[in-house]
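Two complexes follow with subunit A in common, the first pairing it with subunit B and the second with subunit C.
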Partner chain A sequence: MSSDQRRPSRRRAPVSAGAPRIGVDRVACSGHGICAQTLADVVGLDEWGYPIVADRPVEAKDADLAVKLCPARALYLRP
Partner chain B sequence: MTLIDDLRSAGLTGRGGAAFSTAVKVAAAYDNGAALIVNACDGELGAAKDAFVVAAHLGELVEGARLVTRGSGRIRYAAHRGSDTETRLIAAGLDVLDVPSRYVSSEETAVISLATKGLARPMTKRAPFVGGGRDSRGRRIPPTVVLNAETVWRIAQIAAYGPDWFRAQGTPAEPGPRLVTIGGAVPRPGVLETAAGMPLTTLLAAAGGMPSGAGYLWVGGLGGVLMPAADVPRLRWSSADLAAYGGSVGPGVIDVLDPRECPVEYVDRMLTYAAGESAGQCGPCMFGLPAIAADWHDLAAVRPGNRATVESRLTQRLALVPGRGACRFPDGVARFAASAHRQLSDHLAAHAEGHCPTSPTHAGPTHAGPTYPGPTYAGPTYSNSPVTPVAESTSRSSRVV
Partner chain C sequence: MSNETLWYLSRATGLASITLLTLVVILGLLTSGRRRPFGERATIVMGLHRWVSLGMVAFLTTHIVTAIVETYVSIDWISLVIPFTSAYSPLWVGLGTLAFDVLVAVMVTSYWRHRMTERAWTAVHWLGYLMWPMAIAHGVALGTADQPLLRGTTLLCGAAGALALAWRLTTSYADRDRRRDILAGGWS
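Let's turn to the complex of A and B:
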């Protein structure tokens, strides 16, 4: 991996049943990178600053906060 | 038996490349009263089969479209601006959607966007637009279904001749007749009516055969793969056989590379073209494709030197791009580049030693390469501007009608 690329952490906190996954509207996303901080467990950034999202559930309250804080309104929840 | 039942038992899948069940799509179109767009753009490089359907089977095409909308609902025919196909559709008095001649403009959601007064750029598909939805800015998109022109023609044929007639051709996994466009270095390029399971040698013979010394076939265009011409005698035209190379029958395009041209340089031109065709919407595509093309351009130079850094960077980037765009364009280009990287590894190694196996005088690509800020670029803080189109973008190769 190149040094300017951050993968999501491998730490896996257990999540509740039925917890959502994170989706990115790639057209809306403009690479602010806030999600990599609000959801550090599942979101990393590529060398250009765009999110790399691990396909695993996140706690609903964390997901909701990340969706709310995305400046581009590009994050959404997937069942 | 209803049309949906017939389509299901026929096993018809989309002929535009994605091979999705047409029965499922048409059933959803029925349920939502969706408008229909018949995609006759031949958007893949080298494809000419939609042009053939419009030129030779327009009556059945119109009938197939009527069946999908059950006589009500708007039907539009999407064709590239200025193409013969567009002229024919207009002359027939049909409702034509004038699509700009760019690679991603004919992608399913791009055509829907254009038809609903947006730009011809792909849209994020949170759910299929056959049920309606919104684009990324919140603009409402009414229920719309897009079907490839060959698919619509097949629907009319299945309605007329029945699913058994359809299933009698092709293979159990890929039933029915299908069109293939053969181009490149063959004596008689053109569209062939065939079916899955046909020996590749037979198909190529119908186009006049491969030239002596042919090295590679390019199957599936910018979203396709390279395969060695030497493997042709043991292969059939089926996704099962092409899977060994990472390919599928896809949009039905076979291009025979000219043995007199360096394949590495050919791929270089195609990747540079691809990089310039990104709609510039999704970061991983807008930055990733020019980066991949720039890596390939570095590898393509015929000059002694250690390429290990570029090699590993290219491999990383190829893994990074798929699944991270609104449409599958970056996935397709990464598939093509990865396949070329595998198939041409010996040729690339020769370039890195300072000589080209195709021609002792070949000095590597002469064009400037893709517009890319380069690996030292600090990273985008905020940019929605599309990548500057590359001046040298190649014209569409081997368009044959």
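Let's turn to the complex of A and C:
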């Protein structure tokens, strides 16, 4: 198991009502690992650097930024 | 503003633009050619790639507008969009125009990336590899021969970009390699 491995943190920040959840297009994702930084609360990386996403809502503005910064355009929002 | 001020402003902002553009290109190459995930750095590189490119627009706009407005050399407004129309050094000014046109296309498609197919966005974004050498050639050719600082900076940018490009070419597609390694490792 490499030292890259990180699970989504257990810390839960309160989120507004109607906040989106994050989905990953597994085929498009090229494992840049940026979402694990921009959405550290809900995204961790597996040992190969691909995201593990917790099924919890996130603040819409954080989610938007993460979607924008994903180089592979693999992140999307779901209700 | 006096003509001389405009002239210097145009030189200075041109220099800033080529430096920032080169930085953006290098950051893009770093993102696409990274060898393995590198966490925070990947995020910073990606963020800078996006936001430095926006910052560059301010310098580039000033560079272009001042170059047209000052009357020391004659460049008309038409040369803003249509390449090779300038009375002054049509080829080299034209390359700058062409690079600007491509840059606008790259930036507009990136702004609306989420409304386009990935394939269309990628096709336009690839034009960046054409645009950057044109900007360098434009800078080297017009970078005022008696000012070694101007030309030197542009050449330095060219060298730095070429180095990053070489690095990018020697990495294979990182994600494909990783998927292959995972497969080779079996399902333990």
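Keep in mind that, in the parts below, the second predicted complex is superposed on the first by the 75 of 79 C-alpha atoms of A that agree within 3 Å, B and C clash if a C-alpha of one lies under 4 Å from a C-alpha of the other, contacts with A are read in each partner's own complex, and residues count from 1 in each chain.
Keep this in mind: contacts are C-beta pairs under 8 Å (C-beta built on N, C-alpha and C of every residue); 3 or more make two chains touch, one makes a residue touch a chain.
This one's a predicted model, so the numbers in the text were calculated from it and none came from an experiment.
Contact with subunit C, but none with subunit B, is seen for A:69 once the two complexes are overlaid on the shared chain.
Touch criterion met: A:48 reaches subunit B and subunit C at once. Once the two complexes are laid over each other on the shared chain, residue contacts for A:58 go to neither subunit B nor subunit C. Looking at the shared chain after the overlay, A:27 reaches subunit B, while subunit C stays out of its contact range. Legend: residue contacts after superposition of the two complexes on their common chain; A:39 is shown touching neither subunit B nor subunit C. Annotation: subunit A residues 4, 28, 30-32, 48-49 touch subunit B in one complex and subunit C in the other.
Partner subunit A is touched in their complex by these residues of subunit C: 31-32, 34, 36-40, 42-43, 46-47, 50, 113-114, 118, 121, 174-175, 178, 182.
Residues of subunit A touching subunit C in their complex: 4, 28, 30-34, 36-38, 45, 48-49, 67-69, 71, 73.
Within the complex, the subunit B residues that touch subunit A are 122-124, 126, 135-137, 281-285, 287-288, 291, 313, 316, 320, 324-326, 375, 377, 379-384.
Residues 1-2, 4-5, 23-32, 46-50, 52, 74, 76 of subunit A are the ones that touch subunit B when the two sit in their complex.
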